[in-house]
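Data block below; observations after.
Chain IDs A, B, C and D follow the sequence of writing; residue 1 opens each chain.
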Amino acid sequence: MRYILKKIGIFVLTIFAISILVFLAFQIIPGDPTTRMLGTQATPEKIAALRAQLGLDRPVLVRYFDWLGNFLRGNYGESYSYNMPVHELLSGKLRITASLTLLSFLMVLLISFPLGILLARFAHSWFDRVMMVLNQIVMSIPSFFTGILFTYVFGLILKFFTPTNFVEYADDHAGFWAYLVFPALSIALPKAAMVIKLLRGSMVRELSEDYVRTAYSRGNSRWQVLKGHVMRNAMVPVVTFLAVTLVDIIAGSIIIEQVFNIPGMGRLLMTSINGRDLPVVQTIIMIIALVVITVNYIADISYKYIDPRIRFR
Amino acid sequence: MKKLKNSHRAPNYNLIWGCVITSIMVLMIVVSFFWTPFNPDAMSYAEKDLAPGGAHLLGTDNFGRDIFSRVMEGAGTTLSIAFCAVAIGASFGTVIGGLTGYFGGAWDEFIMRINDAVTAFPSILLALVIVTITGSGRTNIIFILGILFIPSFARVVRGEFAKQRQMDYVKNAKLMGVKPGRIMFVHILPNIAPVLLSAVAIGFNNAVLAEASMSYLGVGVSQTEAVSLGRMLLDSQAYWMTSPWQALSAGCAISILILGFALISEGLGTRPMWRPTTKRRRKQHA
Amino acid sequence: MLDVKNLTVTFNDDHPAEAVRGINLHMEDGETLGLVGESGSGKTVTAMTIAGLLANDSAEINGEVIFDGRDLLHCSCSEMRLVQGKDIGVIFQEPMTSLDPLMRIGHQIEETVRLHFKLKPEERRSMALEVMRLVGLPEPDLTYKKYPHQLSGGQRQRAMIAAAFINHPKLLILDEPTTALDVTVQAQILDVFRRLNEKCGVSLLFISHDLRVVRRVCKKVAVMYNGEIVEYGDTEDIFTNPQHEYTKQLIAAVSAGRRTHV
Amino acid sequence: MSEPVLEVKNLNAYYYGNGVLGKKLKKQVLYDINFEVQEGEVLGLVGESGCGKSTLAKTILGLHADYDGEIIHHTNRPQMVFQDPKGSLNPAKTVGWIVEEPLRAYGKYSPEERRKRVIDMLERVGLSAKYAERKPRELSGGQRQRVGIAVALIQRPKFIIADEPVSALDVTIQAQILELLLELRRDLDLSYLFISHDLNVIRQISDRVMVMNEGRIIEQDTTEEIFTSPKTEYAKTLIDASLL
C-alpha cells in the first residue's frame, strides 16, 4: 500500500512542478501582450492601464496562484487573437484530437501485435527478412508525408474521402470517424512499425533465454512456448514503449491536423503559436503535459501487474 | 589460437545499405554547394509545372523553379541543421552522461530525473514551445534541437558508462593509479563506441525528422532564409493537382535521409561489423 | 532402455570444438551414468541431442539414439514432443534463469502434466504438491503460489527437479545441476537425486566437469575428451586405477592430496 | 615471523541501497574483521558466494569506501588478480597495451624500457611475445588469466589479492595457474591473499586459511589444522562437502 501512496505523492508533485515550469516559461517571453492588443495607438498610459486591468503588474507569485486557481476551475483566461474565453475555443477541439489519438493508438495495437508475434515465430526466415526491410522503410517515412500520400492517392484519385472538408461529429457520427481513419493511419503506421520491431526483437531475445529451453524439454510445441511463456516476458519492455508511443501520437496528431486540416487542438496550437496568442498556447501545452504525466504514471503502475519482481522492490 | 575470420559471418546488411544511402545523399549535398543543375531560386514562367524528365530531372514547380536543385539545396539545409543539432547534443550529452555515469552520486540522481522528465515529452512539442518563445529561423532551430537532444544522449552515455564502471578492467585501471579522466576517455570510450555511434545515427534520424516537421509546420527555416525540404512539402501541398511530383520528391528526399541514418543505427546498434556474432545458443527445437 | 550408437554431431558454424565424434552409450533401467569432461568436450551436446533439444539447423547429427526401442533422432517433432517431459526429464545448470520469471512455481511444475495428461485442475495440483514434497520443497502449498525470484538457488533447483520428475519419467538428464549452487546446498540436491534413483528407480544421466559430484551419485562413469569417450566403467574402478592419461590428470587435479611446495 | 605485509583491524563494511522515498538503507556486510598477512605468506580466504569475500578484497584495496576500522598496507601499490578473465582485460585494446598501461601510469620509464619490461613479464607468466599484438578475446581463459597476472605484477608490487583467480577455468588449467602463482611467489617474494569458494584449491595453495561465513571470520588457522580438525560446525560441513 505504501508503494501506491508514494507513487500518488510523486504524481501530484510532478504536476505541480510542471505547472510552475509552464507558467514561468510563458512569463519570460519578450514583448508584452498589451502592446499587441493596443496596436498602433499604444501610449504609455494606455499600456499601464491595460496591464493593471489584466493584473500583469502584480507580483509573479500572486499571478501564478491566480492562474492556477482559474486553471483548476476551468477558466483558462482570454485569448488574445479571438478575444473570447479559451475554454470556449477549446471545447470541441479537445474531443477531436482525443479521438484521433485513441483511434491511432488502437491501430498501432491492431497492426503491431499480430505482425510482431508472427515475425518472431518465423524469425530469421526469408519472410521475416523481407518484412523487416519493409518495416524499416515504413518507419523512416515521416507521418506528414504519409498523410500527403494518403490524401493524394485515397482522396483525390480514389475519392474514398474528400480531403478538405472535415465532418463534424455533431452532424454525422459515422462520417466523423470515417474521415479520421486516414489521418489516424498515417500517424499509426510509423509507430506500429517501431512497435513491431521492438516486439519481434524482444521475443527473439526471450527465445534464447534458458527458461525457453526448459519449456521445450517439457514437450511444449513452438506455438505453446511462444504463447505461454515468451509472450508475457516479451511484453515488459513493450509496455514502456507503448506509453512513449501514445505520447508521440499526441505530438503526431498536431502535425497531421495540418495535413488533413482537422480543426483539432493541434491546429489551434499552431495558429496561436504563429499569432503568439500566449494564453491559448499555455493552456494547450499544460493540458498535453497533464496527459503525458498521467500516461506515464499509468504505465508505471501497470508494471506491477505485469512483472511481479517489481512489485516487491 | 587461429585468428577469428570475419568473412564467413553474415555481412551486416543494415550497416552496408545505411552507409550507401547516406553517402549518396551526402555526395549530392556536397555537390549542391558548388553546382546545381539550375539556380534553385531562378523562376521561369515559361517552364512552369513541367513533368519530370528531360532538362528538369524532377520537373519544375508552380513558379518554374527546378525541383531537383531545390531538393539538393533543401537536403543540404536539413542535413546541416541536423548535423549541428546532433553535434551539440552528442558533445554535451557525452560529457554530462560520462561524468554522471562514471562518478554517480547525488548529481547522477538529480540529472537522471531531469533527463527522464525531458525525454518523457515528445521533442517536437518542446521544440514548438521554445519556438514560441525564441521565434523560428535556422540558428534558433539548431540550438533548440541541439539542447533537446542533450538529455537523450546523456541518458544513453550515462547508462553505458555506469555499466562499464562495474567491469573489472576499470577497477584494475583504478588500482594501477590511472587518472579518472584517462580511464573514462582512453579505457571506457572505445568500448562504448558502437553504442555511441548508434545513438548518433538515431540522433541524425530524429534531427532530420524534427527539422522537416517544424519546417512543414511553418515554424522551422523561414522561406526567405534558405530552401528546406519541410517547407517545400508545405508549399507544394496546395499544388497537388498541377504538380504532385513537387511534394513527392521533397517527401522522398526526407524519407531517404531518415532511412539512411536509421539503417546505420540499426547496423551499429545490434551487431557492429567488426564484432563477431556471440555464440548462438543451440536451444530452439527445430 | 537407452542405446546410443555411433552418435556424431558436427557444427557448420563458428565453434567446431563442441563436435561429438562417434560415441556409444548404453543405459539399463534405474542405472546412474556420469558423463564427465571439461567444457568443450561435447558432453552437453551429447545430452541435448538425446533430449532432442539441439536446434539442428546449425548441427548435422547422425547415428542412432534408441530409447525404449524407438530411434529419437529420426522421429518427427510431434513424436519427440510426446517423449519429452513424459519419459525424459531434463534439469539445467542455472536455477536463476531456467524458470519462467513471470509464472508461479506451481503452475510451471504442473505444465509438464498439463501437456501430457488430461486431468482436472485439482488432480494436477495435488500431483504437483506431492512431487514438491518428494523433492523437499518447504511448505509446498505456500511455495506453490510463489514466483521464482522469491526462492533461493537450492529451492529453485528443487522446483526444476519437481517439474522434470512429476510424470515419473524413465530417464532424467542432469546438465551440471549443482555447479551454480553453494557447496552445502550441493550436497542436499545430490541426495535428492540419489533418493529419486533408489526409491523411484528413475535412471540418471549426470553431466558434470566435477568428478567429486559424479562420484557421490553415479555407479558408472564415462569420461569424455574432445568429443570422444576415452574411458568407461564403474565409478570406483575409474577412481582407483584410471587408464587414460586424461582421466589421470582429471583425478589428480581434484584429489585432496596436499601439494608439496617450498 | 617477519614484518606483516597487511594489517586489518576491526573492519566493518556497509552497502548503501536506495530505500523507500530515497532514504538510504544501510546494510552491514562485514563484521569486525581482524587479520594480518605476513611477508611471503599465502593466506587463503574461503567462504560461500555472498559471504562478503569480494567486498573485503575491494575494501582492502580502496575500491569500496563505506567502511570503518583500520587497513594498514606496508607495501605500496598492492594489486589484484580478478576472477573473470573476460572482464578483467580491456576488450578494445591489445594485450601489449594492457600490460604496458600500469607502467604508463607509473610514468618512470621510457617507451623502449616499458616495451622491454612488458615482453619480459609476458614471458615470465609463460606467454610468448607474439601474444602482445592479440586482443583479449582471441586468447583462451588460461592465457587471459596469465595476462591478468602480468598486469598485476608489472609494477613490482609485494602484495597481491587474488579474488577467485581460477574458478572460471577448467580443472587442468587451474593447476597450471596455481603452479605459476606459487613460482612467482618464490621468485619475486610476493605475499597473497587468496580468495576462493573451492576448498580444494585453497588447500593446494595456502599456508594459512580463514573461513568466512555471512561477513564474519569464524575460524583462522594453518591449513593443516583447518583441514584435519575444523573447530566450528560450519567449517566441518564445508570440508566434508569438498572431500572426494
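Criterion: a contact is a pair of C-beta atoms (placed from the backbone, for glycine too) under 8 Å apart; a residue touches a chain by one contact, two chains touch by 3 or more.
Source: prediction; values computed, not measured.
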Subunit A to subunit C, fewest steps along touching chains: 1
Core chain by centroid distance, with centroids computed from Cα atoms only: B
Taking each chain's C-alpha mean as its centre, the one farthest from subunit B: C
Interface with the most contact pairs, given as the two chains involved: A-B
Rounded Å distance, subunit C centre to subunit D centre (Cα mean): 34
Chain centre separation (subunit A, subunit D; CA means) in Å: 54
Chain centre separation (subunit A, subunit B; CA means) in Å: 22
For subunit B, residues contacting two or more additional chains: 4, 280, 283-285
Subunit C residues counted as touching two or more neighbouring chains: 53, 77
Residue numbers on subunit D that touch subunit C, as the complex places them: 48-49, 170-172, 174-175, 178, 182, 186, 197, 199-200, 203-205, 223, 237-238, 240-244
Footprint of subunit A on subunit C - complex, ascending: 51, 53, 77-78, 81-86, 88-90, 92, 94, 97-103, 111-112, 115-116, 147, 149-150, 160, 163-164
Parts of subunit C lying in touch with subunit D, wherever the complex brings them together: 38-39, 182-184, 186-187, 209-212, 215, 239, 249-250, 252-256, 258-259, 261-262
Subunit A partner contacts - residues on subunit B that touch it in the complex: 14, 117, 120-122, 124-125, 128-129, 131-133, 205, 209, 212-213, 216-219, 233, 237, 240-241, 244, 247, 251, 254-256, 258-259, 262-263, 266, 280-281, 283-285
Residues on subunit A engaged by subunit B in the complex (per definition of touch): 14, 25-26, 28-29, 136-137, 139-142, 144-145, 148-149, 151-152, 156, 207-208, 210, 212-213, 216, 222, 244, 247-248, 250-251, 254-255, 258-259, 269-270, 273-274, 276, 278, 281, 285, 288-289, 292-293, 296
